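Right, I'll just put the structure down here and ask away after.
Just so it is clear, A, B, C, D and E label the chains in written order, and each chain counts residues from 1 on its own.
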Amino acid sequence: MTTQASVLENLAEVRAMIRKHKRNDYIFSIIGLVALMIGLLTLLTLFVDLVVDGYPRFTLDFLTSYPSRRAASAGLLSAWVGSLLVMLVTFFSAVPLGVAAGIYLEEYAPKNWFSDLIEINVTNLAGVPSIVYGLLALGLFVYGLNLGESILTAGLTLGLLILPIVIVTTRESIRGIPVSIREAAYAVGATKWQVVFHHVLHYSSGGILTGIIIGMARALGETAPIITIGALTFIAFLPPSPVSDVAPFINFEWLQSGFTVLPIQMFNWLSRPDHAFHINAAATGALIIVVTLLMNGTAIWLRYRIRKNIKW
Amino acid sequence: MVTTTSPVKAESRNLSFYYSSGHKALKGITMPLYEKRITALIGPSGCGKSTFLRCFNRMHDLYPGNKYDGQIVMYPDNTNILDNGVDPIEVRMRISMVFQKPNPFPKSIYENVAYGLRVRGERNKRVVDDKVEEALKGAALWDEVKDRLHDLAFNLSGGQQQRLCIARALATDPEIMLFDEPTSALDPIATANIEELMSELRNKLTILVVTHNMQQAARVSDYTAYMYLGELIEYDDTDKIFTNPSRKETEDYITGKFG
Amino acid sequence: MVTTTSPVKAESRNLSFYYSSGHKALKGITMPLYEKRITALIGPSGCGKSTFLRCFNRMHDLYPGNKYDGQIVMYPDNTNILDNGVDPIEVRMRISMVFQKPNPFPKSIYENVAYGLRVRGERNKRVVDDKVEEALKGAALWDEVKDRLHDLAFNLSGGQQQRLCIARALATDPEIMLFDEPTSALDPIATANIEELMSELRNKLTILVVTHNMQQAARVSDYTAYMYLGELIEYDDTDKIFTNPSRKETEDYITGKFG
Amino acid sequence: APAKNDIIRIDGSSTVYPITEAVAEEFQKAKRIKVTVGISGTGGGFKKFCRGETDISEASRPILAKEMEACKAAGIEFIELPVAYDALTVVVNPKNTFVKHFTVEELKKLWEPEAQGKIKTWKQVNPSWPDTPVKLFGAGSDSGTFDYFTEAIVGKAKSSRGDFTASEDDNVLVQGVASDIAATGYFGFAYYEENSKRVKAVPIVAKPGAPAVLPSRETVMNGTYQPLSRPLFIYISANAAKSNPNVKAFIDFYLANAKELVEEVKYIALPEHEYAAVMEHWKAMKVGTGFGGEPEVGVKITDLLKRIK
Amino acid sequence: MRIINVIMVSQVLQNPAELPISARLAKNVRRHIMERVIEFILMLAALSAVATTISIVVILLYESFSFFEHVSLWDFLTDTEWTPLFENAHYGILPLVSGTLTTSAIALAVAIPLGTIGAIYLSEFASHRTREIIKPILELLVGVPTVVFGYFALLFVTPLLQKIFPELPGFNMLGPGIVMGIMIIPYISSMAEDAMRAVPMSMREGSYAMGATRFQTALRVVTPAAISGIIAAYILGISRAVGETMVVALAAGQQPNLTFNPMESAATITAYIVQVAMGDLPHGSIGYQSIFAAGLVLMLMTLTFNVIGHITRKRFREVY
């Protein structure tokens, strides 16, 4: 028979123990928050460090002048134009390929060893270190196909590098579209391609876009594979313009042009003995971070919005 | 409800169906659909009603490994729509379908209804406008949406969405319309609307409807088929089925002893 | 089944409960739990049985936004366990719970039973060994598992897993034990085992059990409460409820006219 | 990739790079002709040059026999032009107090191939130095600096131990020595001048009994900083020089502005008369090298130019 | 016959209404072919992934094959020196492997505890709101280019560490290891959190019902239940660390050094590859081939980790 006294005595003991245990809860939640903040603080420190160092070069001139032996007048013009052009190639190689592959795997591929093979391939490619893509580029594009150390080579390399990202996000966003929508379209007589083009692709475009942005941000910051194919040059001019004023108005000569890109320019300046160049490098670093964070931020925001808006 | 006899619009002949799993979900079903009549399919869950219905627009072709055996013949042209030489897409243009849960596309109301025409390559805006209006009127939705045709379809209520799906199915002038439990996701008022609509549609086309709700079958249909374990147990005038079924199994089901 | 009267072990007083959604799932329930008696909660799905049961060990505190209104008082110490000053952990140490689906931890049989002691900081192996054995015996599982105490609990059958969960709940000598449809995931033989076990446990502690199965309530409980839409419709001796309920609603439910 | 006429392609020595970069920058401002300058190291540069991928190759040592063969095989003739002097500077960490100077002997002991895996402490090099580890930082195997240093110190080009931090990127070396008390390394004089606060130059004793000499403008010019003084070169494809007016314009510009720009980037300019001789040599478009296909230590430029007929 | 069919079909497309109904049902050949063509094109795109893998493998194997014509596999695997570009050439991959493993180990020593703690915090302690804020921020961290992290390691972290360990050389494995660790925290914490969130609520309720605190529940029930998913996160983290290039290339020093001492400088496989690639090695030389041999080893290492990681993760998914 439980008496009031024994119950109360017991309770006092239990309460003391609970207090002790709850202290652990409290301590852990602080540790947990700190553990997560370490990453964030690092990022912040890094960014502040770069901003403080690079501050004097946050001018428009910095973006509109060519590299120079004089740190103070050196600029990023050829680097950001190079980055832009390389990204253009990357975009046009990875996006159609990746989206098409994603569509094939989700919508068309029969469930057999063949699609398993592709599937395993894509997951593994996503884990291949970027430097290995550099080796691929060196062996295949530079020497195998003789494309040289050109914008085309760099763009294709980064395209392959982000291909798995595009494929995986494409598949994920396609998977979110319910069967009932597909069946509805088929039921009014749409062909498979019409279903894919009018519906699947249309409704998953937001999700696919986030994948593309994240992939492009990654490509923008990649350095190792580009070093491997041998950039790192003094380039104080722009590649031939992709558009011209005489017919046929578009030319592809720029694809074969040599180039430099933002991370390489940063790398280059940091290997200068003169400290003044390190300021340029810091400013470049801050710029790369801002751009990639903006891109990633857009992607995350976009995904958030899609999740919020589309409730099938 | 059956007033006069009417020609047969389509007929399943000894139709069996196998899912890719090997499961035989339909076992030799022979059954007519009379023109401009409503035929209801009833039976306990899993008996194969949806499976049967979805044979009529070859929906099963979408999933590899499914197999039909037997025929579904359409009149007056006497075509076996399960034939390999027949294009399932063309079948779906003649026989449209309304699903259990309203499934409008995440597009505007207008585009939802126009979709069947777009798929057929219709570009003429006048034609499309007219058809959309006609279909929405046919689905008793025109008055409610005519001022917001370019709103997103998702913004409609469940019942409105289902009527929109009916309008979408109507817009291509189908000869037969399939309904798979079209009201099971709807509230009683929306259900009554849809039932009324179906009765009206009977003037224009042939209807096959699957329903869980026996009262509904009794209310709307001219003929009723009772299925059990993939077999057609009984097919007859609705009145007859509900008042005086010839088979014991049917009676048990109708009276709620079972199911 | 009620032989002699017994003191009240706990009592809900005008207890209402609101889910974070704002839904009021319990509406002013006042009901006693008699010591060393089994009280059964019955009622149609969604009537609030689980919600009520889970107030007793403040399970609702795990999810933010839920709100209690009213009291649950425990005797003999007269504590309102819903009071803000009372730590839910303390409540859970006094009142343990067995869930609908067996939910053993991914640990050995031994560690599953010892868990409550470990959580209380018990380190003495002898004490733990003894308690584990006692609890497993109490849950009528000892003979079946004594040779494989260190096997993973997942390797037990469903019924054994449920008895393991009972042993786990028993090991810490709770004053009250809550069962939320403890047999609904089990086969008839396992169910019979658990029911027998509950009758035995009645000698040691107070039991509150939610069940869907009216026969089960009739078989195992001393008192039965019938709930409907968050309200307590009737509470009485089990015999009385099942033979001669005072309310019409209860009778309808008991006789299967409804639910 | 096919070399295109409208772009002047330059690659090679990281040591010469700052000079060429300065010239290229000014040239592009003046002439609007496109120039690219890469950094592959002297050896890397010659490899591209002899494959016909570049018009001009920079070098911090003369072309080697092997490279001449490669060029010949590809039908590429070249014009060799010295453009500046450099002093290979041996440095230690500023906190290192015991190294007062290095003799060539000591450097050899430290860097020869036989030292690989064996010479690990300072004491092993010179018994009066402490028994603490020594860390080495030197030029990468593709660089002219490496070839020149090994030739000058070990006596045979490319003959070096391999267990040191080898980098084409001189800043890695500066960084390495500056941040490690145990370190010593070598690189071009300009890199030392830019970082003279972070690393300490060590005087070199050329021969037993000779004085210890620190690298500087004067000691290079007066020939006392031996054996690590060296000329820096550019090599111009004769074909490009003759057929491509842009290349010709570029070299004209290079030589006309060399003195000023070399000094600006903290290298040691040739004396006026030597630049004049080089200019003459260029005007005459004399192909070939003044060396026998191996790095030669301590030659005078005027002598050198005379060797080429 | 076939031609007639096609003609008929194109008529169908133009004017469906005017045709007899049964003709409308005939297979539309042109459309049918179009659909096939589209499917084929899409399949080719999907095959690009396979082609990429094959190209990588072929190129690595091909160049490595030439490499191993000069160097015996035994030397490659057992020699303790890696000096392929020098007079006294040695081709022992071990120093590069030791550098790779040491930097990865340091990274994991940082990332595993912090990542796990972070994951537990996010999944078991943080409120919904906190989680919604923190997770995207962590994702941002993944987006920062590694070259920036490399300079951070070299110019910020190492000098900081030198204040604690004055003996620490400017190039060392500790600094970049730590930075790499911080870089991969988000990978580990977000994947481990997914695994923990997949643990069914009933398991947690069982624990709380026994009077356990959050911490006890997290540590004794949720973590063990999610363990294979968490381990998969670790393994994929290892694979990332092993393949990371710029951070180590910039800050770990570039001297192949058979040591596991984090206070020393060393080269990793990846660092060796970029370092060599920065110069210009002629196609076909042994130095050129050596980076492919090193790349092959790297590929094999990461592939092993990736495969193990995916298998663990898949198995774990099957449990719930």
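We adopt the following convention: contacts are C-beta pairs under 8 Å (C-beta built on N, C-alpha and C of every residue); 3 or more make two chains touch, one makes a residue touch a chain.
Listed by chain with UniProt protein names: A = Phosphate transport system permease protein PstA; B, C = Phosphate import ATP-binding protein PstB; E = Phosphate transport system permease protein.
Everything numeric in this text was worked out from a predicted model, so none of it was measured.
Listed by label, the chains touching subunit B and subunit D alike are A, E.
Ranking all chains by how far their C-alpha centres lie from the centre of subunit C, first place goes to D. The rotation that brings the Cα trace of subunit B onto that of subunit C spans 170°, given to the nearest 5. Ranked by C-beta contact pairs, the top pair of chains is A-E. Centroid distances from subunit B, each centroid being the mean of CA atoms, peak for D.
Taking each chain's centre as the average of its CA atoms, subunit A and subunit C sit 52 Å apart.
In this assembly, the C-alpha centroid of subunit A lies 40 Å from the C-alpha centroid of subunit D. Spacing of subunit A relative to subunit B, judged by their CA centroids, is 48 angstrom.
Touching two or more other chains at once are residues 31, 213, 216, 278, 280 of subunit E. Touching of two or more other chains is recorded for residues 89-90, 93, 120 of subunit B.
Listed for subunit A are residues 18, 21-22, 191, 230, 232, 270, each touching two or more other chains. Pairwise, the chains that touch each other are A-B, A-C, A-D, A-E, B-E, C-E, D-E.
Within the complex formed with subunit C, the residues of subunit A that make contact are 2-4, 7-8, 11, 14-15, 17-18, 20-22. The part of subunit A that touches subunit E in the complex is made up of residues 18, 21-22, 24-25, 28-29, 31-33, 35-36, 38-40, 42-43, 45-46, 49-50, 96-98, 100-101, 103-105, 108-109, 117-118, 121-125, 127-136, 138-140, 143-144, 160, 163-164, 167, 191-193, 214, 217-218, 220-224, 227-230, 232, 263, 266-267, 270, 281, 285, 288-289, 292-293, 295-297, 300, 304.
Interface residues of subunit B, counted against subunit E in their complex, comprise 76-79, 81, 85-87, 89-91, 93-94, 120-121. Touching subunit B in their complex are the following residues of subunit A: 110, 178, 180-191, 194, 198-199, 203, 310. Against subunit E, the residues of subunit D that register as touching in their complex are 11, 39-41, 43-45, 47-48, 113, 116-117, 135, 140-143, 158-169, 172, 175-176, 178-183.
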